[in-house]
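Two complexes, one shared chain (subunit A), two partners (subunit B, subunit C).
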Partner chain A sequence: MKPANILKALLYAVGLPAVLVLIWWAATLGAKNFFVPTPGTLLSTFAETWFGERIVSDVLPSLGRLVVGVVAAIVLGIVAGLLIGSVKWLRALTEPVLEFFRAVPPPVLVPVLMLLMGITDSMKVVVIISGCIWPVLLNTIEGVRAIDPVLSDSSHTYGITGAARVRYLVLPSAGPQIMAGVRQCLSIGLILMVISEMFASSSGLGFTIVQFQRSFAIPEMWSGIVILGLIGVAMSFIFQFTERRILRWYHGLREVENAV
Partner chain B sequence: MQSETTDKTTMPAGSPAPAGRTLPEGQAMLSVRNLKKVYQTDGGPIEAVRNLTFDLRAGELACLVGPSGSGKTTLLKCISGLMAPTEGQVLLDGAVVSGPPKKMAVVFQEYGRSLFPWMRVRENVELPLKNQGVPKAERDKLVDEALEAVGLSHVPMSYPWQLSGGMQQRVAIARAVAYQPEVLLMDEPFAAVDAQTRADLEDLIRTVWKKLGVTVLFVTHDIDESVYLGQRVIILSSSPTVIQEDLVIDLPEERDQLNTRALPRFTELRHHVYEQIQLAKQGHRPAAAH
Partner chain C sequence: MSAPVVTTSGSAASGSGQHRAVRKPARKWPVKQLLGLAGILGFLLVWELIPRAGIIEARFLPPASEVIAALGRDFGLTAFWAAVGETMLAWFLGLLMAIVLAVALGFVIGSSSVLRKLTNSTVEFLRPIPSVALIPLAVLLFGVKIESSLMLIVYASFWQVFIQVLYGVADVDNVAMQTARSYGLGTAARVRYVVFPTALPYLMTGVRLAASVALILAITAELVIGSPGLGREIALAQSGGAISGMYALVLATGLIGVLINLVMRFIERKTLSWHSSVRSEVIV
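On to the complex of A and B.
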């Protein structure tokens, strides 16, 4: 990319956020609303609140649980999806049950899991997994089912079966679908991370934000919301970067198809 | 059925006479014996292939033509072990085919759907060898030779979808060649490429076949192509399929697009195959298959 283009891309990326902050700044200029801090206050509160021991006591543990939960959900979802997608009778057997569990909103599981597992890290991780696994699982099943029969025959005639078939045919072929599931899984994961910490917890981002709310530490509360947004943006960037590397072939293929 | 008792006394009673040529036991590379395929559908059974028997000797190039819907693809799937026949059997070098055999490679019509779009050209050609555990050095040599043979040594790092249709089919052919099969099955491989590319690819198949001494069964619906390519043309009837005729193509071994196609004998053969296909379409069946 030429330097001029990089500059242009950068301007586009920060343009709207800058405008929004400007509007916010102008709107809070004269008014003294207790519930809405000015950008300046928020910035200083943000630094005070989060660049201290809270990183270690709240932010990192929350992020850790999020990462463990999301990774576990992705791995479990893909493995189970490969199995269910490949075995016809297993699909017939599990489909109604999967529909049922998928329909249960994961936040309602929090009190139940708390009773069963106690207020532990594993309980929070299980809450995250219980919500994140569905998009990955269902997308993997669909992706496995949608393998091109000609490609499948082709691999079969060359003796590509068993584990080699999964590695060279099934996984890459279902890749685009799986990645679509992973994308949904990430945003669900962030939501559930916060929710799992809002009930009877003593640390974590969700707990801290609720705590600030209850003690009327309004700028601090807002700064917590900002940090959640930033985590979401970071996750989205990591996802896009990874997706572009894994599915380079897919985007290229789509471009060629669209050009015809 | 009455005619059977007079001249086909060796046939088991009750089964229609095979029109395809057979070889004495132990001499055939590929044998198809009384092959029958009936699909069970919701609307009742559909008999796609009724009874096919023929042999291919090692190193032979035979073309299989038939009207559309004559069960060509069904037959090929049975031969390649992708589908089990309802009755009869396929033997490769004397062994019954029950799944895709190691000594066989298949080139499909849909080149765009038979190559792995997530692998580069070289990786596509290499994969079957890698999967068989062929050592790296030998693999590299085979892949290089195969890409060279199909004229694609300049694009090993491209993805298949970056290439034209004809080039993609060349990659599929290279993959089959590198696999070193004893039998190469081709299912209407050039039906989806343009006419000029098609002529080039036909000559490529003749060249590869001569160089490797591989047995080739080439399925096509194109009459000219079958006569131009084959040493022998097996004509199928309309469904339920039997063999309409098994014809020897007595054209010179050296063939080229201009001169061979201008030979009077080419025209005669083409004419003959065309007539047979027309008869097949009208529902005419060889005497023994009613």
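On to the complex of A and C.
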């Protein structure tokens, strides 16, 4: 890329956000609004609130639970999905039940699991797992089901079975579909992390933010919203990066197909 | 020339694109349905047996029969239907507002490449923000009223539809567009006859995803904030110790979810019955 083009791309990227921040700054400049802090206040509150001991006591434990829950959900979802997807009668047997579980809004699981397990860390992790597993599981089933029969027959003919079949045929074929499930799973996971802490907890990000709101610590509350937003953005970046790496062959294939 | 193939967009959402043709016509329906029924019955049986055998105490997990009986009793109560009504009202209003907003903005931004480039970074930043982050703000602004639920629902479902509309508008076939131009179709006519039909399948996918997201957010808002509806009833039942009642309500939300999925798929099939290509299904 030529320098002029880079500059142009940069202008496009930062232009609108800069204008929005300017409007925000100008709007909060004159009258003191109780509900909306100025950009400066928000920035300094953000640093004060989250870069102290809170990062150890609230942010990191929350993130830890999120990571454990999401990873467990992805692994369980893929393993169960591979199993259910490759066995026909098992798929027919479980399909209606799974449809139902997928349709249950995950947050209602919080009170149920609270009852079954008490308010513990493992309960929060289980909440995340039990909400995140469905998109991964159902997408894996669908992906495994939709394997190209020619490829499947060919690999049978060549005597590729067992682990090799899963590794070289099933996983790559279902890969794009599985990743679509993983992406949904990530955003549900973040939502459930926050809700499980808002509903029943004495620590964690969700709890802290609600606490700020209840005590009318408005700039702190906004800074909490900002940090949740940043976590969301970071997760989506990490996902896009990993997805590009794992599915590099697939994106390449699509580009070739689209170019024709 | 290849016909514009519609795959569901979102970089990875289009997994089974090339496998679509192999979908079996499923002639063995009865067997499949019987197995499905057996699955449901088996699930209920296991649920019935776990508390009966004392693996989990019945006061934490009541047997299935008890919960289903409680659900049956709920069906006869006005209060239950009022709560369902509140939830569905918030769901419907929120979804409607989100769709109108997203379609209007999506068509405007999607059809101009300058606007698309300008808004891209902002959209990519705002979209992953979890809607539950707005809960404290909603409480502060609206308290425990339906507006709080609406705010969360609109925010969450907006992005689902908006992104799909953007993809859809960008997918317009160049040849079709040029043809429309040379036949002298004005801007409005081009939007109506070229852009809209291309974007419609994407829009419908977005609406279907948004419908289930909206239900999740409606229930969440009621559960956490306490705005009226099924979610609040669940929280109340739980804190009041009406355990079978709580499980019955959870079942009810699941049934509503299934119903919404079915209705949305039906609407999608009806609106796109003209569409030649069989579309790959995204699983929510």
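Some notes on this structure:
Just so it is clear, the second predicted complex is superposed on the first by the 245 of 260 C-alpha atoms of A that agree within 3 Å, B and C clash if a C-alpha of one lies under 4 Å from a C-alpha of the other, contacts with A are read in each partner's own complex, and residues count from 1 in each chain.
Assume a residue touches a chain if its C-beta (ideal position, glycine included) is under 8 Å from a C-beta of that chain, and two chains touch if they have at least 3 such contacts.
No experiment lies behind these values; they were computed from the predicted model shown.
Under the clash rule set out above, the superposition-derived model of subunit A with subunit B and subunit C shows the two partners fitting side by side.
In the superposed model, A:G252 lies in contact with subunit B only, and not with subunit C. Judged by the touch definition given at the top, the superposed model places A:I78 against neither subunit B nor subunit C. Once the two complexes are overlaid on the shared chain, A:Y158 sits against subunit B while remaining clear of subunit C.
In the superposition on chain A, contact of A:L113 is made with neither subunit B nor subunit C.
The superposition of the two structures on chain A yields an angle of 80 degrees at the Cα centre of subunit A, opening toward subunit B and subunit C, reported in steps of 10.
Using the contact criterion defined above for the overlaid structures, shared-chain residue A:G175 touches subunit B and also reaches subunit C.
Of the two partner chains placed by superposition, A:V126 touches none, neither subunit B nor subunit C. Of the two partner chains, neither subunit B nor subunit C is touched by A:V59. Of the two partner chains placed by the overlay, only subunit C lies in contact with A:I191; subunit B stays clear of it.
After overlaying the two complexes on the shared chain, residue contacts for A:D148 are found with subunit B and with subunit C alike. Note on subunit A: of its two partners subunit C and subunit B, the one contacting more of its residues is C. Of all C-alpha pairs linking subunit B and subunit C after the chain A fit, the shortest spans 7 Å.
Overlaid on A, the two complexes show subunit B and subunit C touching the same residues of subunit A, namely 148, 173, 175, 250. Within the complex formed with subunit A, the subunit B residues making contact are 77, 80-82, 100, 102, 104-106, 108, 110, 113-119, 127-128, 131-132, 159, 161-162, 175, 179. Taken together, the subunit A residues at the contact with subunit B in this complex read 148, 150-151, 153-154, 156-160, 164, 168-169, 172-173, 175, 249-250, 252-253, 256-257. By the touch criterion stated above, subunit A contacts subunit C in their complex at residues 12-17, 20, 35, 89, 92-97, 99-112, 114-116, 135, 138-139, 142-143, 146-149, 173-181, 183-184, 187, 190-191, 194-195, 198-199, 206, 209-210, 212-213, 218, 221-222, 224-225, 228-229, 232-233, 235-236, 240, 243, 247, 250-251, 260. Against subunit A, the residues of subunit C that register as touching in their complex are 2, 10-16, 18-20, 22-23, 31-32, 35-40, 42-43, 56, 60-61, 117-122, 124-137, 139-141, 212, 215-216, 219-220, 223-224, 231, 234-235, 238, 243, 246-247, 249-250, 253-258, 260-261, 281-284.
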